[in-house]
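Chains: A, B, C and D, in written order; residue numbering restarts at 1 for each.
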Amino acid sequence: MATIASDLPRDGVVADRGTLAPASPNPPDLAARLEDIWKETPGVRGWFSTVDHKVIGIRYMITAFVFLLVGGLEALTMRVQLAQPDARVLTPEQYNQLFSMHGVTMIFLYALPMLSGFSNYLWPLLLGSRDMAFPRLNALSYWLFLAAGVFLYISFPLGAAPDGGWFDYVPNAGREYSPGPNIDVYALGLIFLGISTTVGSANFVVTLLRMRAPGLSINRLPIIVWGTLTASVANLFAVPAVSLACLMLWLDRNYGTNFFHVQGGGQPLLWQHLFWMFGHPWVYAIVLPAMGLVSDALPVHCRRPLVGYTPVAMGTVFTMVIGFGVWLHHMFASGIPVLALSFFSAASFIITIPSAIAVFAWIATIHTGRVKFTVPFLYFAGFVLLFVMGGVSGILTASLALDWQLTDTYFVVAHLHYVLLGINVFPVIGAIYHWFPKMTGRMLPERLGRWTFATMFIGFNLAFFPMHWLGLTGMPRRVWTYGAQMGWGTANLIVSIGAFLFALGFVLFLLNLWQGLRRGAIAGPNPWDAPTLEWSMSSPPPLYNYAVIPIVASRHPLWEDRLDEVGDRTTFDRGFLLDNGKETLGVSPLDGEPAVILKMPQDSLLPVSLAIALLVLFCALLVHQALLAGIALLALLVVLVMWFQPHPSPIESERVRMYE
Amino acid sequence: MKLRRALLIGLPVLLAGCTRRPMGYLEGAAGPASIPVQRLGNGFVAIACAVVLIILAMLLLAIANGRRATREQGGVVRSGTHGLAWIYWGIGVSTPVLVAMTLWNFVVTREVSAAPAYLPVDVEITAHRWWWEMRYRATPASDMITTANELVIPTGAPVRLRLTSADVIHDFWVPKLGPKMDMEPGQWNTTWLEADRPGVYFGQCAEYCGLEHAKMGLRVVALGPAQYAAWQRGMRQPAPASATRGAQVFIASCSGCHTVRGTDAGGILGPDLTHVASRGTLAAGLLPNTPAGRLRWLSATQQVKPGAQMPQVALDQADLAAVAGYLGSLR
Amino acid sequence: MLTDGWVSTAMMLVLAALLPSACSRGSQPAHPPARASAATAPASSAGAPGATQANTAAQGGPGEWRSQARDYANTRYSPLDQVNTGNVARLRVAWSFADGVQYGHEGAPLVVGDTMYVVSPFPDTAYALDLSKPGAPVKWKFSPHPAQLAIGKACCDAVLRGWAYANGKLIYSLLDAHVVAVDANTGKELWRTKMGNVESGVTMTGPAFVVGNKVFVGNSGGEMGVSGWFAALDVDTGKQLWRAYSTGSDEQVRIGPRFKPFYPQYKGKDLGVKTWPPGMDKTGAGAAWSFASYDPDTNLIYYGTSNPGPRVPAQRPGDNLWSSTMFARDADTGEAVWAYQFTPHDQWDYDGVNEPMLLDLPINGLMRKVMVHLDRNTYAYVLDRETGEVLKADNFAYQNWSSGFDYKTGRPLINPQKKPIVDQEVQRICPPDIGQKDWEPSAYSPRTHLVYVGVFNICMDLTDHKVSYIPGTPYDGMEMVRHSVDGPDGDWGAFIAWDPVAGKRAWTIPEKFMVMSGALVTAGDVAFYGTTDGWFRAVDARSGKILWQQKLSSGIVGQPITYLAPDGRQYIAIASGVGGAAGVQKTRKGYPPRGSTLYVFSLDGHDVGDPQPGAAATPGAR
Amino acid sequence: MKTPAAIAAMLACAALGAAGAGWILRSGEDHGGHHHGAHHARQRDNVPPSPARLALSTDLAGAAEVHWPLTMRNPLDDSPSARMAGRQLYLQMNCAGCHGYHGEGNMGPKLSDPYWIYGGTPAAIYRTLDQGRPKGMPAWGRLLPPESLWQLTSYVGSMGGGVPPDQAQAELQGDFRGGSTDNGDNNGAVRAGRGQAQHDEDSSQ
C-alpha cells in the first residue's frame, strides 16, 4: 500500500488542468440570462416540482444508495444467522422475508436505479444537451421509483414483507401457500416499479436519438451511453413480461383466475418463463451501463482513449441481443427437454465472448496507457478481476450438465454476487469517486478512499469467494440454517466475517463522502483532465448545462489537440445560442445534424402528484378498497389531463442564433 | 429381521464412511449419472481457476506496465490505436477454449441425461412441504412399497425416478448420485440415478419451497442386492398388531395424518410410518431415529422444525413416551 | 354342460325359434304359467316358444309381488293385463299412504296375499297395509330404532332400496348395518343380526333378497373405505351362513376350486390382494348394495360389487379386484363360480352394482343363457351367465371414457384423455360417477323382448384429491361438477327401451331430469316409470308413446309395482319421495321438494270397497 | 437543493431502520398460522383471559369440562393464514366428503348458510368440531390439537354462514339474519338460500 501511495498525487491536486477555466464558455451576461430562464421555483414546492436532470439523477443515486444500505443491513442480519450451523437468531419466516427483500431491494431498488441516476445525471452533459427529452417524465420516473420502493417497504414493519424470494416462484407464491398480503405487495410493487422503469427507459431512448450536440454522431457516443441505451431498449421489451406475470399472479391470488394454478389448468412453469424472460435481460441491463461507466472512466486514469471502442460498443449491443436468448438457463432443472435446453446452454457459453472483448480492451487500455493510481482506478482495476471471476463462474453455470449440480447452490450465490457487486457496485463506487467532483465541485479524499477500497475489496472477496466452495460442497441456497454435520460451518463463518468487513468498507465510504462534502479540495471543471464533454464546464455544472451548445467533432473533444487526430476540432466557443426561453437543440437521430429547437417544460408538480395518485391506487388495490382506488384513479385521470394540455411545440422555422 | 438389525447397526458405520462433505459433487461421485459430471466439474473448475489466474497475471502485468509508462513518460495523454492486438489475441485464444468447453459439456450432458434402456427399479417420489414420499412401482400392485425420506436402492442397478410435488415446487437432489430435477405440481419429471457402491448418500431439496426449505433433507441408502431384497421383503409386511398404550394413543391421536399398515391408521398427510423405525433419520433427515430422537420430535416438534406441517400434538409426557416407544417398535 | 338333457332340449328349441315363423308376436302368450315355488325345477320355461325369454316366474301368484323384482331373474315383469294400452289413460289415484320420512323412497312395496309391506327410509319403520279394506289401513307398524349415527355415514341419503318376504317374515337391512326380521302377521321382531360396525362407515341400504331359506344382503359404504361383502343369512334364525368379501385373500372372497373365470386376468392366487397396493385391499370397498338375481337351474346367485376405495385411482394402482365386478356364486356355499370385472381399476366410481337380469337370448345365432347388465360405465353387457364370457358390450348412452371394447381380453379400452389427475380438473368425462344408469332397476318384457330402463345423459368435470383413510369418514376425494351431455340446458335423463340382442335403443323418451325410478312392464304392454320432477308415466311398451301421466307430490326414485287386490282389480303402486342419488340435481331449477307418499292407482280410481263393473275371478293370467 | 435531499435520505434511513428493527421484534412473536408454539406466547400477551387460552394450552378432548361463552372470539382472529390452514384441514380431514368442497352439504349439513343446527358462532363451531355430533359427525378433538380446530373453525365460519360472536344471542333467538362474519356482499345470496337449505336439510338433521 505504501509504495502505491507514494507516487499518488496529493488529495485534490489530481491534474494541473483542474484549476483552469472550463472549456465551454460561460460569459457572465449570457449566464445571468440563462440562469434567469432556467431557474426553478425555490423552497419546498420547488423541491417537489424540479425537473432538472442533475437533481433527479442525484436523487436517484441517493435513494438507490439508501436502498443499497438497507439491503446490506438485511444481508448482514442473514449472515449473523448463517454464521454458525443450527443458529436460532432468526426464525425461518424472518429469514425468508429477509432474503426475499434483500433480493428485491438490491435488484430492483438499487442496481438499476443507481445506474439510472448516473445516466440521468450524465447523459445531457455527455451529449451536450441541456436536459433529457422529457424532463417531467424524468421526474415522474423518479417519484414512481421512490413510491414503489416505499410501497414495497411499507409491508416490512407489518411483518408482511414478500417471502417468496425475489424470483417468487408459484405455486409457493400462490394464495394457497402464502395467504397473507406478502406476495400481493411484491406483485403490485413490481408492476408499480415497472411503470417507472418503462417511463425512464423510453426517455433515455428518445433522449439519445434527438438530444445531442451537433456532430455527436453515434460512433462518437461514450460507452456509458451505449450501455444505458442498450439497457433501456432491453427494458422496454423485458419489463412487460414481468409486469404481465405479476398482474397474472395478483389476479390468481385475488380474483380466482388460473394462470398458474395447476388445479384450474394453469401452468406454474409459465411464471418461470415470464419471469426469466424479464430476469435475464434485466441482469444485463444492470450490468451493461456499469461496464460503460468503466469503459469511459478507466481510460481517463490510464491517460489514453479506450482500446477497441468499436468492438466494445458493438459487444455491448451483442450481449444484450444474446441476453434475450438465454433465460432458460435459469430453468435447467425444471424438466424441460434436454434438446431445448442445449440451445440455451450453447447461447450461455457464447454470451461470454463480447464480455471477454471488453475485458481484454480494459486490460489493453491499462497496459498501453499511463496508469495513475487514483481511487477510481483502483475500483476499476479491481472490478476487472471481479468481472472475470464472475464471468468465469458464469461459464460453469452455463454448462447444462454441470448446472444440474450447481444450480440453487451457494455457487450461484457466489456467481451472482461477483456479477452484481463486482460488475455493478465496484464500478458504481469508482464512478462516484470519478464524477463526485463534477457533481459537487469537490474532490473525495484519496487517502481514505484507498483504505475504503482495500477494506471493500478484501471484505468482498472474503465474503463471497468461500461461497464458491460452499456451493461446490453442496450447500443449497435460500436455507435459513444448515446442519453441523455438513461441514459448512467454518466457511460460513468466514463469509459472515467478510460480509461485516465489506460493510465496514461502506461505513468508510460514507465517511469519505462526508469528508469530501465537508472539506474536499475544490475540484475545478476538469480535475482528472478527462476528454469528454461533461468536463468542459464548471463543477458543479450550471442549471442549463451548456450556455452555448458545442459542436462536436470527435469522441474525445477535450483531448483532440493531444491525440493528433486529423480533421475538425470540437468548437466550444462558437455554437448554438438558445436563450429565447427554456429551450434546447434537437438533432437528427444518426448523424447528429441540428434539426429543431425544443421548448422545454417548466418545473411542475404534476409528476409528484401522479406518483402519489398511483401510490394511493396501488395501496387501495392491495387492501381491496374499491372506493379509494376509484378516487385515486380519478385523481390520476385529472393529473393526466393536466399533463397533456397543449404546450409549446418545437419550433422548426425560428431563426437560430449562433454564439460567436 | 436379522438383516434389518444388521443394517441399523451398520448405518452409523456407513455414515462414518462418508466423506466430510456429504453434499459435495466434485468428489466421491458414486454412479454413472454423477461421475461424468464430477469429471466435468473438476475440469471446469480447473479451467476457471487457470483463466482467473492468467487474467490476474495479465492485469498485474498491465498495471505494472502502465505504472512504468507513467514513471517514464509522465501522465501525458497517449494517442494512437495500438492495443487492439490484446483483443484479437485474447478472443482468439479464449474462443477455442470456450468451444472446447461447450463440446465437453454436451458430451457429458448426453451421458448423464440419457437413462439406460433397462431400469429395474422404478420409484415415484412426491415432494411435500417438507418431506419426501417414495412409492416403488411394482407388478403385482401388492409388491409396491411406500416409504418416506429415505430412498433405498440396490447397488449397480439404474433407478428410474418419477418426480412430482403435492404442493409447491421442490427439487430432488442427491449430489453424489445424479443431477438435480425439479418436482413440480401437476407434472411428472423423470430422472435416474445409480449407486455403484453401498452407502448412505445425502440429498436435499434444492428449490426454495417455503418456510422449512432448509430442513428438507433426504437420504439415499444403497444396499447390496441381497440386502435390498431382504429390505423389500420386510417393507411389504404390515406392522405387527400391538395393543400397547402407545399403539392406542397413536391410533387415537396420530392416525388422521399417518399410515401404519395393518392398523386403522390411514392418514396420508404425513409420512407412512409402517416401518418408521427402520429408517435412519426423522423429520426429513433432521433428527437421528433413536429413542431420544423420537421423543424429542414428538415433544418439541415446532421447536425442532419451526413451521413444520405437523402440529405439536397435545399429549402428556407419558403418552408421548408411549407413542415414541410404539414408533420404535415399527421396524 | 350340454350333456344336461334339459339344456339340449332348450338348444333345439332355440334353433326352432330362429325360424321366421316362430318370431315373437305381442299377442302370443310368451310367459309361462306361474309356478308355485321357486324350488321347483323350471322345466316349463324352456317350453316357451319365444325368441328371447326370461324366467319371469316368481314366487306367489300372478297378482302378488313378493320380491323386489317380482322374480329371481330381475325382470319386473307382471303378467297382469287388466290395465293395458287401451285403458291405461283411465288410471286414477285409488288411495295413498305417507310414512312422513323425508329421505329418498327407493324400495318397491311387496304384496303378499292381501297385505302390502312397505318400509320407510331411515329410521326404517315397517308398515303392513291391509289391502282387503278400503284405503288400506295400517295393520301393524314396526320401529327398529337404528342408531342415529348411521345418517352421517350413508353416502347418498339415508335410503333403503328394498325389503324381502320369506316364510311369513319381512326381512330387511337397517341403515346401521343390522338385518332385522319381523313377523309378517304381527309386526313383532323375530331376530336382528349385526353385520358391521356403523362407526367405521358400514351402512346397509341394499335390498334383501330371498332364495329359499336364505336371505342375501350386502353392505354399502363404498365411499367410506369399508370392506365390501355379500352374505347369506338363515331366514329362520338370522344366523350368518356365509359371507364373501369383495377384496382380500381367496379365502375371504370365497374363491376356491370351483372358481372358473372366463378371462385369464382373473386366474391366480389371492388376486383380491395382489391387485392392490399393500394393505389397501382392507379399505378397498367393493360394497354390494344393489339387486341380486338367482338362477334356479344352476343354483347360482349373481350380484355386482361397487367402486374400489378410495375413489381416487392414483392411490390404488392395480386392477383392484374384485371391485366393480359381477360375481356368480353358489347360493348354498357362497363359493365363487366366476367373476367378471366391468371396469378394471375403476377411476370414475362406475361401480358394477347394477342389477343383473337373467335372460335367454339368441346371440350370434345361438340361444344363450345370458345375463343382461346395463353398467354404470355405459356398456350394456350381455354375459354368458354360466361362464362369465362377454358376448356383447354395447353403449346404451353417450360415453367418452372408453374408446371401445376388446372382446379378446374382455376389457374396455380406456381413453387416456379422460383419466383423472390428482388436483387437476379433467373436464367433460362422460358419464360421471353415477354412470349413465345407476341402481334404478330395469324391466324386461318377454312379449316385446325389450329392456325398459331409465338412463342419464350427463358428464362431469372431475378434480381428484388424495384422501386419508380415517375410519368413519368419507374415503372419497372426487370433486365433481355434473352437467348434461348436451350443454347447459340439455336434458339429464331419458327413459329408453333397449334391445339387448341388437344392442341398440328401440325408442327414447328424453327427460329433463335423470330418470331414477325403477321400471315396470306388464302383459298389458304398458311400461311405467317415474321422473325426478314427480311425473309418473305409462308408456306403450312397443312404441314408447306416453299414454298416461300423473304429477305426484314429490320426485320419484322408487320402483313401481302392480298387483291384484282381493277385489280382483289390478293396482299400480309407486312411492313418491325424492332423494338418494337424484339429489345430485338438487341445485337445478325445478327439482322438487322431498316427500314420503306412496300412491296406488287403479282404473278410474276404484278401491276395494267400490262396486265391481264385472266379475273377474282369475284376472291377469289369461 | 442538496441539503433537503440529504436530510430526506437520512430520515428515510432512520425510518427504515426503525421499521426493520420493529419488524424483527414483531415477527419474532407473530408466526401467522403456522407456528403452534409461538401462538401461546402471543395469546398470553394479547388476549384477555378467556377459555381461548385454555383451549390453546390444554387438551380439551374429552378432558376437563369447559364452560363456553358463546360470545367467545376465535383466538386466531380469522387471519388469512388460519383460514387457509383451515381450508387445508377441511380437505385433508375428509370434511369435504360430507359437507362438500364448498360447504354446499351432502351427507352432512350445508355450511355455507347461516342456518346452524348446533350454532354458528366460533365457540359453537369449535365445540361441534371438538366433540362431534350424534348423527355421524366425528369428534375431532381426539385427532386434532386445539390449534387445528380453531383453524378449521375459522375456515368453516368463512364459508358464508359464520355467526359473529356478538350475534350469539340473536342467533339463539332466531333473529340473526347476517351472512358470514366479514363478507357483506354475500348476505343477499345467503338469505335467499336459507329457505332452500332448511327444507332441504332439516329432515336429515
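Convention: contacts are C-beta pairs under 8 Å (C-beta built on N, C-alpha and C of every residue); 3 or more make two chains touch, one makes a residue touch a chain.
Source: prediction; values computed, not measured.
Steps from chain B to chain D, taking the shortest chain of touch contacts, total 1. By the document's definition of touch, common neighbours of chain B and chain C comprise A, D. Chain pairs A-D and A-B differ in how many C-beta pairs are in contact, and the one with more is A-B. As a whole-number value, the distance joining the C-alpha centres of chain A and chain D reads 47 Å.
Rounded to whole angstrom units, the spacing between the C-alpha centres of chain A and chain B is 38. Chain geometry summary: the mean Cα position of chain A and that of chain C are 76 Å apart. Note: centroid distance chain C to chain D, computed from Cα atoms, is 45 Å. Taken residue by residue, chain A touches two or more other chains at 91, 93, 176, 262, whereas all remaining positions touch fewer. Across the assembly, chain B contributes residues 185-186, 211, 255-257, 269, 306-307 that each touch 2 or more other chains. Touching of two or more other chains is recorded for residues 423-424, 467-468, 470 of chain C. Taken chain by chain, the contacts link every pair, so each chain touches all the others. Residues 7, 15, 91-93, 96, 164-165, 167, 169, 171-172, 176-178, 262, 267-269, 302-305, 307-308, 311, 333-335, 338, 342, 345-346, 349-350, 352-353, 356-357, 359-361, 363-373, 381, 384-385, 388-389, 392-393, 395-396, 398-402, 404-405, 407-409, 472-483, 485-487, 529, 531, 559, 562-565 of chain A touch chain B in their complex. Of all residues in chain C, those touching chain B in their complex are 200, 225, 273-279, 281, 283, 315-319, 421, 423-424, 466-471. Those residues of chain A lying in contact with chain C across their complex are 262-265. By the touch criterion given at the top, residues 31, 34-38, 58-59, 61, 92-93, 142-148 of chain D touch chain B in their complex.
Only residues 137, 140-146, 166, 185-186, 236, 238, 255-257, 259, 261-262, 264, 266-269, 274 of chain B touch chain C when the two sit together in their complex.
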